[in-house]
Amino acid sequence: MTGQATDRALRGRVTQEVAEVIATRRVGAYQHITLVAPGVAELARPGQFIALAVGGESSGTLLRRSFSIHRVSPSGTYGGTVEIVVSAVGAGTRWIVDRVPHDTIDVVGPLGKAFPLPTEPVACVLVGGGYGSAPLFWLAGELRERGCHVEMVLGAASEDRLFGVVEARRSCDGVTVTTDDGSAGHRGWVSDVLPDIIDRTNAGVVYGCGPMGMLESITRVAEAHGAVAQVAVEESMACGIGVCMTCVMPVVGSDGRTRMVRSCVEGPVFRGDRVRWDAFDGGHARVPDDCVGAPKVGGH
Amino acid sequence: MTGQATDRALRGRVTQEVAEVIATRRVGAYQHITLVAPGVAELARPGQFIALAVGGESSGTLLRRSFSIHRVSPSGTYGGTVEIVVSAVGAGTRWIVDRVPHDTIDVVGPLGKAFPLPTEPVACVLVGGGYGSAPLFWLAGELRERGCHVEMVLGAASEDRLFGVVEARRSCDGVTVTTDDGSAGHRGWVSDVLPDIIDRTNAGVVYGCGPMGMLESITRVAEAHGAVAQVAVEESMACGIGVCMTCVMPVVGSDGRTRMVRSCVEGPVFRGDRVRWDAFDGGHARVPDDCVGAPKVGGH
Amino acid sequence: MVDLSVDLGGGHRLPNPLMTASGCAANGKELHRFFDVSDLGAFVTKSVMADPRSGRGTPRMAETASGMLNSIGLQGPGIEAFVDEDLPWLQSVGARVMPSIAGSSSTEYAHVAATLRASRAFDAVVGVEVNISCPNVANRGLVFACDPMASAKVIALVREQLPRDIPVFAKLSPDVTDITAIAAACVKAGAEGLTMINTLLGMVIDTDLMRPQLGGVTGGLSGPGIRPVAVRAIWQVRQAMFEGRIPTVPIIGVGGVRTGRDALEMVAAGASAIQVGTVVFNDPSAPVRVLRELCELLEAKGYDRFTDAVAVAHGR
Amino acid sequence: MVDLSVDLGGGHRLPNPLMTASGCAANGKELHRFFDVSDLGAFVTKSVMADPRSGRGTPRMAETASGMLNSIGLQGPGIEAFVDEDLPWLQSVGARVMPSIAGSSSTEYAHVAATLRASRAFDAVVGVEVNISCPNVANRGLVFACDPMASAKVIALVREQLPRDIPVFAKLSPDVTDITAIAAACVKAGAEGLTMINTLLGMVIDTDLMRPQLGGVTGGLSGPGIRPVAVRAIWQVRQAMFEGRIPTVPIIGVGGVRTGRDALEMVAAGASAIQVGTVVFNDPSAPVRVLRELCELLEAKGYDRFTDAVAVAHGR
């Protein structure tokens, strides 16, 4: 455990509650779900996530599923609500999108570190890949409240996998859309349009949320254009609360040394230039040889 | 496998279908559920049962739960329906009673042997313990169609655990109710009132469905009063279709020899005097020493 | 269309790699009500011993998380009744049969194999599975499959009784420190194939009665919950074959297969055929459903032949 | 009120029998956000080795039916950091601590035990759990727990390093042919207790990529799906104690406990304390929930003392 960072993460309060689904609707390829979860709603910050239990008391699916918090409303008719945007890819997410209003889901959250906010009103670019845009609108609002100029880039494979284009136009100072197939906006990747936007706005920070490959290229582009990248990663997580050590990835600490750190408590948001992108390969992450405690030649 | 009996059981046709719940309502301590299952409805006979899968595709509960068929309506607005009466005792039955209309349940059935019907119009007494009465009303109707005088005895621990008293009055020539606590009808057991009813009606057959202890006493009383007992047993079943050998009990065959027979295909209805009641003890059934293939002293 | 056929030895080309698992399908008639048992690559029957057996008292089952325990105690009609009634019936419907045989001593195994061989419907047999997870009366009830020497002796004696074109499959128990050692002993003794895995020894306490739930106290754990153990066993033994520590023979994978994906998982780990056991209790037509799903998956992945997918996960 | 207290040796009376399982609760701070870790009978920490370790590459987990596989590779800060930071923190919140220690050689185990013993917060320690499911570098990577001799050597060396009033618990692997043989070797070498069971060796193939899903190829299977194996292991070892084949020592039960009923099951089979592992990932406050449920069950059954329920299922 890398003392300082962990302690900071652990100071954040967390709760577990049985949340009622009060609304669920299809948005393109995704399901937008609103949960009554006053405890989470009160504590959460943009960039944090929640972990949902799947199935009932005798479910064979033991591990929780993690979702970025799209938005919270700390109070309302039903008490505080939390919204998430879910892409149904496997049995767990299918179960979640099949819930109807009044069904309940067990929620743990808010989890992880939030996006750090700049202390000065610098320009920011927010880049979301697919449902990765979900946490960015809330972030955009907070940044603009601090006087930041905020532009957003939304990218996806195709139009139906974009999330929140209309909301982006409402909440940001500029929006650029890219799709791999050209079905909406520019044909291509977010990294094609990002350099110009950073240069044009003279952005100080680029926030990113989406697939690993995209986060790596955001980091590269940001660096090349003089901005800091803050990226929210998505690793397989067994516990989401920092106790199992399954969600680790190699990250360089403030002392310059690489450690396998837990993305659930020390992330999911990391400074892009701290992530050891060189260690990732097709869903696997190697332990870099210079990592603290790495197996020596001849093996542990 | 005891050749003949099995072959007969296996000639019966069976189907597997995804049934929609179209009605579900509380009746005393039970849940009365109506399923659209045209295939089962068409094939079923009184005394047979269905086996329901529990939970969804990733359920940790693998084994089906068995329920006597309460009633079938071979056609109707929705196609054929099948009704069951469920007592929620554990996780599986709780899941089943929690289904709401339009939910679906995977059904296999009809399973097992039906109650044999007398070829002559003899008087019959039908004895149901708790939800054990569920299959008897349908049976009563068939018996009366054949000109049999039909009386029913319904017994339970308390009034809320009786099922179908009103329906019994409608479908039978006489109804007697007993409860252990006297909250309805006679205080006491069905075996207290049964001798008189057999004698009075000069009954030739006593049909029984309920807990093991009750079935044993029905058998004893019927024998003592010159009637044949036909009892539907309820053993733990892993498959319900005759392939696993978990549901066996010691039963005497037509050759006078005891075998461990499968209650799911050679039952659930057995002639009471064929069941080796002496082998049962607190939920366990021993293999009688004279059973075909019983372990010899010194072990197999 | 993917070519699903597979040759497990003896020149019997099976039309596809899907089988029932011994003891989870009885001897055919029951499942034939749900699907045509001749649609399977082979039908594996309930382990049969020399004499009729009553099996154990009840309860014989306990449900567990994603699985179940059983303690049937090898109830069955004995080999004579099996060859007189069950095998001819399976032959009459066109099934390819893999009888599973068992014994309390190595000579009992040999006797059962000899009786089988001499039977009139033996033509339907495409292989014999030897269930060595039986208590060995000569060795204080230690199961054969836990001891390489005892396992080898059974296999050698059974091998002698059967014609050369009938491959013998040794069915291994996972309850051992090193499954590759047992596998090696069986193959060296003449097994032309291995079936993996039998159930894990387990136990459930009935907390209402505060006593063991099964009449037989302990029982065999099966179902999807144990699949990772089966995949690991198949992988390890297949790896040992690649490394030359065991001669290469076909492996039949069994343990918790519920879907085509699960079957493919075992195939990629090294199985040349797949048995579906406990999941039949959940879905009586599971073996043919799994076959269909496996076929669709192979097709989607661009395989022309099922056999090209066998053991592909090694060395990736 | 049921008296839940239990004495696991060394005169440390624990207020209740519920514990975390090593590696499923980190070293306390994380779970302390959900419940007060001093409410547990003891807090079992992540197995710690001599030096800092990065653990294995990722993916390190695969979900399985009613369970999961992990291949963490004993990531940790090393014993120095543990005694400087983690143990004092646990002491500061009033937790009773059962550190879990590990090594690649018996001398590494001894060194870790010695460092622990010499540490300033050692007062918080009520016992030491020795995780012998580690690859033994001196023996071609065969895990200690698979070999009675290697297990005994580790236990004897660790025992020597620790004061008499600190009971040593050997944590056994179920992946052996006869767990009572390993248990006997450990107790004879000085273990005052046994923890059963560690994970089962398992494997999952990623059928999208057609390669092992875990970076470490094989992994440890845990969760409710394996509970019957844990209950059986506890039962067998406890039975061997009743029969005088192993000296009687307390058993800590672990493996798939999800509810108070599950805990009671292990208790009835012979466990004097219970650890909750994987289920914490499903429900972060599971250890205290299970304790509450266990207490309610004991109360409903009319037990005055928790210890009266230990091993009651034997001989019924």
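Note that the chains are named A, B, C and D in the order they appear, and that numbering of residues resets to 1 at the start of each chain.
Throughout what follows, contacts are C-beta pairs under 8 Å (C-beta built on N, C-alpha and C of every residue); 3 or more make two chains touch, one makes a residue touch a chain.
Predicted, not measured: the structure shown is a model, and the values here were computed from it.
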In terms of CA centroids, furthest away from chain D sits chain B
Averaging C-alpha coordinates per chain, one finds the centres of chain A and chain C separated by a number of Å equal to 46
Cα centroid separation, chain A vs chain B, in Å, comes to 55
Distance in whole angstrom between the CA centres of chain A and chain D is 34
Among chain C residues, those touching two or more other chains are 65-67, 209, 223-225
Two or more other chains are touched by the chain B residues 58, 60-61
Among line, ring, star, complete and other, the chain contact graph is complete
In the complex, the residues of chain B that touch chain C are 1, 3, 6-7, 10, 13-14, 16, 53, 60-64, 106, 108, 235-236, 238-246, 248-249, 259-260, 265, 279, 282-287, 291-295, 299-300
Residue set of chain B touching chain D in the complex reads 58, 60
So, in the complex, the side of chain C touching chain D is made of residues 62, 64-67, 69, 146, 175-178, 200-205, 207, 209-212, 217-219, 221, 223-229, 231-232, 235, 256, 258, 261, 264-265, 268-269, 297, 301, 309, 312-313, 316
Chain D contacts chain B in the complex at 65-66, 224-225
Per the touch rule, the chain A residues reaching chain B in their complex are 55-61, 91-92, 95
